[in-house]
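Shared between the two complexes below is chain A, which has chain B as its partner in the first and chain C in the second.
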Partner chain A sequence: MFYKPGPYNWSIRNVPQFAADMYGTGVGHGIAYEALVTGQADKLEGPIYDSIVKVLKNPPRLPIDEGAILPTFKRRYGELEKVFDWAHTLHFQTIGVLAHRGWTDAQKEAEIERIWQFYSEQPYAITGLPLNMEVLDGYSYSGAFRTKYPKVNGLFWGYHWLQTANYDMLYRTPVETHGPQYQVVGERYRETELFNTEREFMPMTGELSPRFAKRFPEIANSFDNLHMLHDNVNDILATNELTEVQKKQQIRIAIWRVLATTHQGETAGEGEANSLHDHRYPFGMPGMGWMKGATESEMYMSGMGWMNMEECGHCSIRLPSGDEWGATVSANGWTMMVRCMLCARDMASETIGKAIIRAATEDPKQTLVLISDELGNWTSNLPEIVFLEVKADHPECNDWSKVFTSRRAFDAYIAENPDYKDAQPIALSEWQTRNEGTPETYRRINRPSPYQRNGEVGP
Partner chain B sequence: MTATRLAAGLGILGTLTLGLATDHNNVDAGRPLRFDDASSIAFGERAIEWGVTGNLGRGRNNSAVGALEFKYGFAKNQDLGIAWHPQYAGANQRFSAGELEFTHFRQIQREINSSPALAYRMKIGVPMERGESGVELGMRGILSTTLRQYDKIHFNLDATLATEPEPGERDLAWGLLVGYSNPLGAPTQFDKTLVAQFGFEQSRRAGEGWFSTVGVGLRQQVAEQAVFDFGLEADLWSGSSSRRRGVRITLGYSMGF
Partner chain C sequence: MKNLIIATSLLALGTLGAVSPALVHEADCPYCKLKLVQNTNAKDNEVVVRFGNKKIEYRCIYCVFADQKKLTGDLIVYAPSEAAGKPVLVRRTGGNWTAPEGTVFLNAFRRHQECAGLSRTFSSKSAFDRYVAANNVANAKALTLKEMLAEVAKAN
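Right after this comes the complex of A and B.
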């Protein structure tokens, strides 16, 4: 199958380092799979890991035909390679659209809908319905790969981190910010996420790109289901419980579980709980399947602890929707949705290292992208921004803490909202020095991690 | 889940193969050598391939054949092509419109475990020069199989039938090409493929026997969907020394879109 033709294809190269890192993920997958099926599993955590890391540090400048890297795997598991290849095409096409110069956000969103349609019409498409991740990760072989090969599993989850974290970097953000944003995202990927062996569960799209996942839940779900298929296949290939014939059969069953055709006629939000056809999702996040230990409103995120996807990550008040959607904060490998600029700034300042804030302005066509260095000095893609910050109760924080693209826009808002008539516009240089600490409304959910034994409390 | 449901769910997958897009590791006849691998271009892909082969003969016996081909993956594992092959003969310093060629390529089976990939390619060549008549019908059977890990061997069996052969030409000629491809640069830069070829061909001239050729080339990926190719080919031995040709140099470029 060839991808949907369009002028946006391969626009990923507008951010060359991002393109190279993404191409490198394909090589990394391929080398590991080929080793697993050519009797080199015992070298996976040693010389093969080293050779993969070497590639990831010197990634290819052009995409690699995965079939050429894993010829033995492809001959043995051809149908699986097709499913992977087609889903990877969906990755690259959606990235291509978002990175494409010259189209409006509306044009891009419409084309992504068409790409999803094009993708999902094919027989080897993965379902866009949310699937129960606990069920899919609950087979007798589950966990075998991460236990046996923790370093290589860290690489796999690192690739999947990059393949999911990039979407909020690109979605409705100006293309000229993609390069500067990727300096932060790419550094995190290459220096930390690839080598993270502490993650308790694979990265989820809704966790790392919540805005994109809310807007395109089917695509987000298909990526998560794809990545779970990778985990299933890794575990099947790694387990000692199965013969070669049984492994082949189990891989076919794992493919069948996630195919769109298997779930035809089923509906998101419905289905028998804790079954293969459980399509529930957490409140506020239709682009994420049911996670281990989740309730309707709370779920556990590796590295962040228990979260409510409907609430601000900083003040725990319900998130706004529509054009004034608030902001997202990306730092330390996670991305959280927040209600206002104060929540964004103060949440970012709680973390060490670089951060990115993507925020709604008064103009729905202009998204603010703020990038900070390690010292908390922010740079903006919009040169004339001013802030409003008149601290009051957090349930209204998205009214009194805002950013405007210009002084004129600020004045217009003040004119419409006389409550703030005494407020002065705050420049970025002053705004970034402020910090109001943790809001009184913040509610930490103290429950143990569902992935840890002995009742240990998660981070 | 029953075995039947699983089989139904996966059954359709077993009949389909993701065709390779324009890629250094997907070898087509003429780019740069004359053998094919048993893979079509991808379903829905359009590709333009062009190039020139110069025959460096002695004296003024230089000649060149151009190639400009459009291919379309019209169905899964199948493509249709239309190619124009203009020619230049150094001996009489004359260009000719050459031949227009229509092709149909179909992969019958992908490579599964130790079973080779199988494909065929049919062609109809129509002369473009005024006064020439008849068509040339060609049929090529293709078998591709992995040798070690990354390298492959490709057997191409050719039968070419001229419906109205010139006086002194045979109407049916046979040929066998053995191709070899090995993608280079693993694991860091998997962007080029070494190709080599050894062939036996029956001379088109009645009364002449078989000759053999040898060739070597490189396919270099230069963009996401573009490949540059370079190849050299020479006659190794021939049944008639008078028919021995010079070294052929091929340069070409392929792009998918």
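Right after this comes the complex of A and C.
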């Protein structure tokens, strides 16, 4: 079991800080696991937490062999380490392809399909089917780790935030934007997400990289299933209910639950509801398993609230598909899909902190990447962009609010769409100062959090 | 497959639903995480903070002051007053807060569920007194900007 050979391997190093932070996640996992199996659990929230944070603030410049960090854990749970290692290889190879310079998006997508096949053929592969997250997080030991060790659990979910948030940063975006984007993503990771102890559930790939998860649902699901396996293992090791022998048995069962071989012949979208073989997924997001409290169209995401993944996060109208897919907004630790540039801008301007917009232009080969500072001043990877914005009803907002790579492209669109013949191209400097407020079509889903305890809300 | 069939059926319904009558925007306060209280014809409730190209809405003036470290640069706070459509403009310029002469603050909430009604800004002490009397606010004290900031700092 080793990397599929390719010129892209370790292209993650094109963004050195991203690479270092990713290598740091392996060290963080390893130190915590070794502590849990060597009688140091009582130090986990104190000196061991401090030592992990020290590493995360000074992450290694090269990947570390986890076996050197967790020798006891590896001897005791060798098969689990195989499953983890192989899934981490999938992470790094997928990232390597996306960060690779010199390939087209089509070449990258084809290679990622091949990498998934290569990964799936091995016996330690995790299933790419969506699994019911409520079922997997519903065992008697579930929640033990996050309850006993909230700070270290925050670190684990922080690692998993980075390992899921990075894919939309890389997917179909120009390689030269990866570094500037990571300045925003990495800052969020290091300053906030690692230390977030208020998250109600682990980060999901479809939540943080919705475009990637829609395009590669099997990979997104396998990452989520991997991260749930991490949570299961943490909970088993943390619980007082089980003996050492029982813990070993339960970890083997937890591995079995997520392996591809366990679900062989099963199909996404099917399966008995609320069982281990429940492979339903929410509408519009095949790269995500069934979440606690979900209905077929609505689900709850920690930090984002209830949402419908088929709808624009700003105007609540159904998202477009195909080449004119709209845009995504990443801010405040979340990523939302929106229909048009107005929705993207106004959503970002109503959110504290830096933001990233990734948007379709008239040219499917050119994705716009806009990055804003804390004041909402945007910089663009495409220097000649102009905007169309002729405010009308939101069900057609992706027709009247658009971005073009050049004035010539804008003129061509106006020539084809005489309804906008009086529209003037808007420069980025003017566009960023606009704000149309909340769309009349916005629909808030008013339901309490399914994770809410005793009706507690607010600080 | 069943899932996909249902999905296709509901996609059509979803399209119809997309153009259903408009619903009022309700977001969460960035600080207390509770729902914003919408403005009414008679009373403003939403506290709007503008800085650069950002426009952030809070549930009350306390939440703004408590969250101010997250907000970059100079701020203009449109704080609802006793009169609908006539907010008091509270500013932070170069790190220093100012408010129009005569401005007083009410800060009498115990739980954030009450903050929108009991942490408010008034253009004058007489307006404060009328609001306190009309709403039977117990132990209300009219705070200056300096006193209000000190109370928030003490609580955080």
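Definition applied: the second predicted complex is superposed on the first by the 454 of 459 C-alpha atoms of A that agree within 3 Å, B and C clash if a C-alpha of one lies under 4 Å from a C-alpha of the other, contacts with A are read in each partner's own complex, and residues count from 1 in each chain.
Here is the rule we go by: a residue touches a chain if its C-beta (ideal position, glycine included) is under 8 Å from a C-beta of that chain, and two chains touch if they have at least 3 such contacts.
It should be emphasised that the depicted structure is a prediction, and the values quoted were computed from it without experimental measurement.
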| Which partner does A:R252 contact after superposing on A: first (chain B), second (chain C), both, neither? | first
| query | After superposition on the shared chain, which partner residues are touched by A:S401: those of chain B (first), chain C (second), both, or neither? | reply | neither
| query | Now for A:T177: first (chain B), second (chain C), both, or neither, which partner does it touch? | reply | neither
| said: Quick one: is A:S449 in contact with chain B, with chain C, with both, or with neither? Answer first, second, both or neither. | reply: neither
| task | Kindly classify A:R280 by the partners it touches after superposition: chain B alone (first), chain C alone (second), both, or neither? | result | second
| query | Touching A:G376, do we find chain B (first), chain C (second), both, or neither? | reply | second
| said: Quick check on the complex: what are the chain B residues that touch chain A? | reply: 1, 5-6, 9-10, 12-14, 16-21, 23-26, 41-46, 73, 76, 110-114, 146, 149-150, 183, 186-191, 221, 223-225, 256-257
| remark: Contacts from chain C onto chain A in the complex sit at residues 1-4, 6-7, 10-11, 14-15, 18-19, 22-23, 25-28, 30-34, 51-57, 67, 70-73, 111-113
| query | Which positions of chain A touch chain B when the two form their complex? | reply | 1-3, 5, 9-10, 13, 27, 31, 34, 38, 51-52, 54-55, 58, 60-65, 67-69, 71-72, 74-76, 78-79, 81-83, 85-86, 123-124, 252-253, 255-256, 259, 261-262, 276
| request: Please give the residue numbers of chain A that touch chain C in the complex, ascending. | output: 267, 269-270, 280-281, 283, 296-297, 305, 310-311, 316-318, 349-353, 372-377, 395, 432-433, 435, 437-444, 446, 457-459
